[in-house]
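Read through the structures below before going on.
Next come two complexes built around subunit A: one with subunit B, the other with subunit C.
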Partner chain A sequence: MADASIIPAGITGMFDLLSPVAPGWGANLLRGLVRSLQIALGAFGMGLMIGTLGAYGKLYGGPIVRDLAAIYTTLVRAIPELVMILLLYYAGTDLINRILEGMGYQRVDISGLVAGIVVLGFVQGAYATEVLRGAIKAIPQGEIEAARAYGMSPVLMMRRITLPAMLPHALPGLANLWLISTKDTALLAVVGFSELTLETRQAAGATKAYMTFYLAAGALYLFVTLFSNVILEWVEKRARRGMPSVREAH
Partner chain B sequence: MTEAPLEAPIETFPIHKDTGPNLQARKLPPHRIVLILIGLALVASAAYFMRWEWLPNYGGLILQGLWRTIWILCVTVFLGFLLAVPLGLAQASGPAIVAIPARWFCTVIRGTPLLVQLWLLYYGLGSLFPQYPWIRGSELWPYLRQAWPYAVLALTLSYAGYEGEVMRGAFAGVPKGQLESARAFGMPRFTIFRRIWLPQAIHRALPTLAGEAVLQLKSTPLVATITVVDLYSVASRVRQDTFLTYEPLLLLAAGYLVITGVIVFLFRRVERLIPSKLG
Partner chain C sequence: MTATVAVAADPLQSGAAEQAEAIHIENLHKRFGALEVLKGVSMTAKDGDVVAMIGGSGSGKSTFLRCINFLENPTSGVIRINGEDVKMVGDGHGGQVPANRRQIERIRSRLGMVFQNFNLWQHMTLIQNVIEVPVHVLGMKRDEAMAIGEQLLERVGLSAKRDVYPAYMSGGQQQRGAIARALAIQPRVMLFDEPTSALDPELVGEVLKVIADLAKEGRTMLLVTHEMKFAREVASHVMYLHNGIVEEEGPPEELFGSPKSERLKQFIRTVS
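Entry: the complex of A and B
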């Protein structure tokens, strides 16, 4: 234990541990990374759907819909994600099974992937609601009035006018949400879903090379973030083409 | 890359909506009364139909956990802010030799999950320390063997990383004329910083600071994963002891809601203390 295990083992030992072939744990980490990205993508997509509904509800809904949307966003943004995950993960699956049993069906095993996506998507939805609401409000009123004057149906107006026109305003906030989504997947490690963080923990626990594996996991997350930033910047530039720059001269 | 908002801390809590005196004056619309009644009925049925008899047995433990959560929150927000000021200043106007490391620090902290940072410090550093005899012999060793210093360190660094980015914007946003006129007065550099630059930057950052404090509160339950006994870990223990699924979690969620409300309220009070005029 004295000095052979962690840092003094040197760079070669580190690469042996991280190599993707059998004695190394690299393949496990990469598998975890893929699962993390799957969940992040799913949760982000589900958050977008909930967010669109929520934003429309908050802006155009009746008083009750508006209040319910406000309760949803306030509660989700005030309760820690970890607590939400536990509540929805355990209580949610328990509730679904009780309902199914009450109706005379078999209990179902809800897969970790689906549960993770639903839980994180529910949390993302609250933030996405606020982002999209602000973006829709930033569309010049005349554009929506003109669409209405043309006699467009609400769905057509949403597809042709509102969603494309709000996109440049929403993109910075949505980029944020995507980054939060990739990092929130780490919380699923606490409920035992084997994404990148839990795979890292298992690898570190088995080899006792805690420093190496946690640094490697951090590097993978950081790579995802930086890579996303490059893509998002490009998307944002493309969505904003033809528009005046909004970057304030600080 | 310099201005690229990695994860701009814009998702603040809606503290800023001007819900001044006109809110109290307005009458409650009928649908809201119905919603409130439904909410009360839900709370009452939860209190009546669910099992709460475990509550008295764990009262002391819950208070202890609550205290530790609040303590960790306050300490890390305070220390993190102290660290964020130089980080923001270095990025806003420092020479490249301090600006680049500061920017990298913020990028790394904001680009990796807090859970990984926490486990890296606790398991990684915690497994390195015992190998060095001089650390084991030092005065700090009794503290380094416990979990809470790592929790405080990780949360402080995390808050500093996010807040450093906010302070960068806030420092850069103070009008140049203010600093120039202070210099024209013959103020020394540190006095300019203390009297002009910092107060205005804090004023600008205050709404975001409140939102970040709420986010920090939402991060505190992670410390339960490294065996710090906070509010969250008390609830986990109740769940393990009593095999109840819903009750401890609902109580926990309610507890965090109340703390969030208190944070929002306090920051609103502080914000009102500062006279501000819209330009």
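Entry: the complex of A and C
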């Protein structure tokens, strides 16, 4: 029958389109994936740093620091991320260039990678602030008090006690943030950064094989999530090694 | 009268005169908002003294202990530890805070605090808990700290629990572990804040035994406790606090044998 020959032919065509060598678009997709992961990792890392500062600021800071942190988390979480990206990407680079020109320097081209990391990291930082603040509050206060009572300096206490003790409480929330970070990179397609989604759109547009390419992109995002889950599970198991499992409490 | 004579003959007491002052506190006040918890408490502990502080809940005895290592900042008063006066400055709200954070950290690292709720660090094994402060605060070599830590665990009978996390230990084991952690810093003074109050009755004995052994070997200790019988046995000096002042103090035989104030008589009747 005709049908029987069409389907295998379609599948072979699909593989040709997705092939990493020249006529195929596979290499473009993989390049997009690598860029997406670079941005996701960078943004997540930056978010963790901002989040740690933000959480400490909110918990232990003076009135001004607390207010600044509150304004930051409220604004960033209130504004849609797409708007935030357009605002920071266009307005942000424009602002930097105006300042540079005002100071008598040349305009600079800000690389899409750096801009993407900074923009998404700024957004991630607001959510991470709240995740880490909650996790620090979940540490039994007696453990913090013991660290103080034994003469630990604030920095040593943060490194040796607070951060490792809050980690098990923070990990489920941080895992969410990481997965959101991998998918939010797709939003950077609107500012013309060739991450996975934009590469996919271009490949699909050029070949008209929409189904093939969007399915392939979906599979790549899914693969990233599945791989992340394995790592996150291992990290959480390690971080919780001093804690009895929740099931045992029943 | 007989009690006084017995005290004068006590070798611990007569020897104390030559001992150096480990802790000296004068006229300590502590206010939480409108509530004045300590209304001028003074005390001196020389090396080798075991001072027990007793009193009802809300008497200020735990607050007093916590002021000594500045877990609470005293509102006013003199605190001298290891012969070193702690410098304080006003905090702008009528209270005061330590002027020099490093001085406080140095003093704290020589005071071995044992808490009511043990407060072992849950993300570390027992031996890691014990060597944490020697290695990371006092700068001791890891091997050396390990060797000392293992000896201490043996002393408190927990060698077998060396690599166990606190969550998997009984309350009595955790508290003995916490005592080992305090001993590991080679403290000038041990501070016990109601060390058996959170324990099941059958676990109290094992902890008290460890503390009694420490008293016997001449360790300087401050002990806030509800265990009257124990205070009487191990203490060289007992202070009875009521509403933030020292109502009565003296050697245990005297204080428990012939209490003078009506309140103390009543207190001894209710708790024993």
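The rule we apply is simple: the second predicted complex is superposed on the first by the 236 of 250 C-alpha atoms of A that agree within 3 Å, B and C clash if a C-alpha of one lies under 4 Å from a C-alpha of the other, contacts with A are read in each partner's own complex, and residues count from 1 in each chain.
Just so we're on the same page, a contact is a pair of C-beta atoms (placed from the backbone, for glycine too) under 8 Å apart; a residue touches a chain by one contact, two chains touch by 3 or more.
Worth saying up front: this structure is predicted, and the values here are computed from it rather than measured.
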Joint occupancy of subunit A by subunit B and subunit C, clash or fit: fit
Which superposed partner A:Arg241 touches (first subunit B, second subunit C, both, neither): second
Touching partner for A:Arg160 - first (subunit B), second (subunit C), both, neither: second
First (subunit B), second (subunit C), both or neither touched by A:Gly173: first
Contacts of A:Asp94 with subunit B and subunit C, given as first, second, both or neither: first
Subunit A residues touched by each partner, larger count belonging to subunit B or subunit C: B
Following superposition on chain A: angle at subunit A, subunit B versus subunit C, Cα, nearest 10°: 100
Touched partner set for A:Gly142, first subunit B, second subunit C, both or neither: second
Subunit B and subunit C, minimum CA distance [Å, superposed model]: 16
Subunit C to subunit A touching residues, read off their complex: 69, 71, 101, 104-109, 111, 113, 115, 117-125, 132-133, 136-137, 165-168, 185
Parts of subunit A lying in touch with subunit B, wherever the complex brings them together: 1-3, 6-7, 63-64, 67-68, 75, 77-84, 86-87, 90-91, 94, 127, 130-131, 172-173, 175-176, 179-180, 183-187, 189-190, 197, 200-201, 204, 208, 210-211, 214-215, 217-218, 221-222, 225-226, 229, 233, 247, 250
Subunit A-facing residues of subunit B, complex: 3-8, 10-11, 13, 29, 31-32, 35, 107-108, 110-117, 119-120, 123-128, 131, 169, 172-173, 214, 217-222, 225, 232, 245-246, 249-250, 252-253, 256-257, 260-261
Touching residues (chain side subunit A, partner subunit C) in the complex: 140, 142-143, 145-153, 156, 160-161, 164-165, 167-168, 239, 241-244
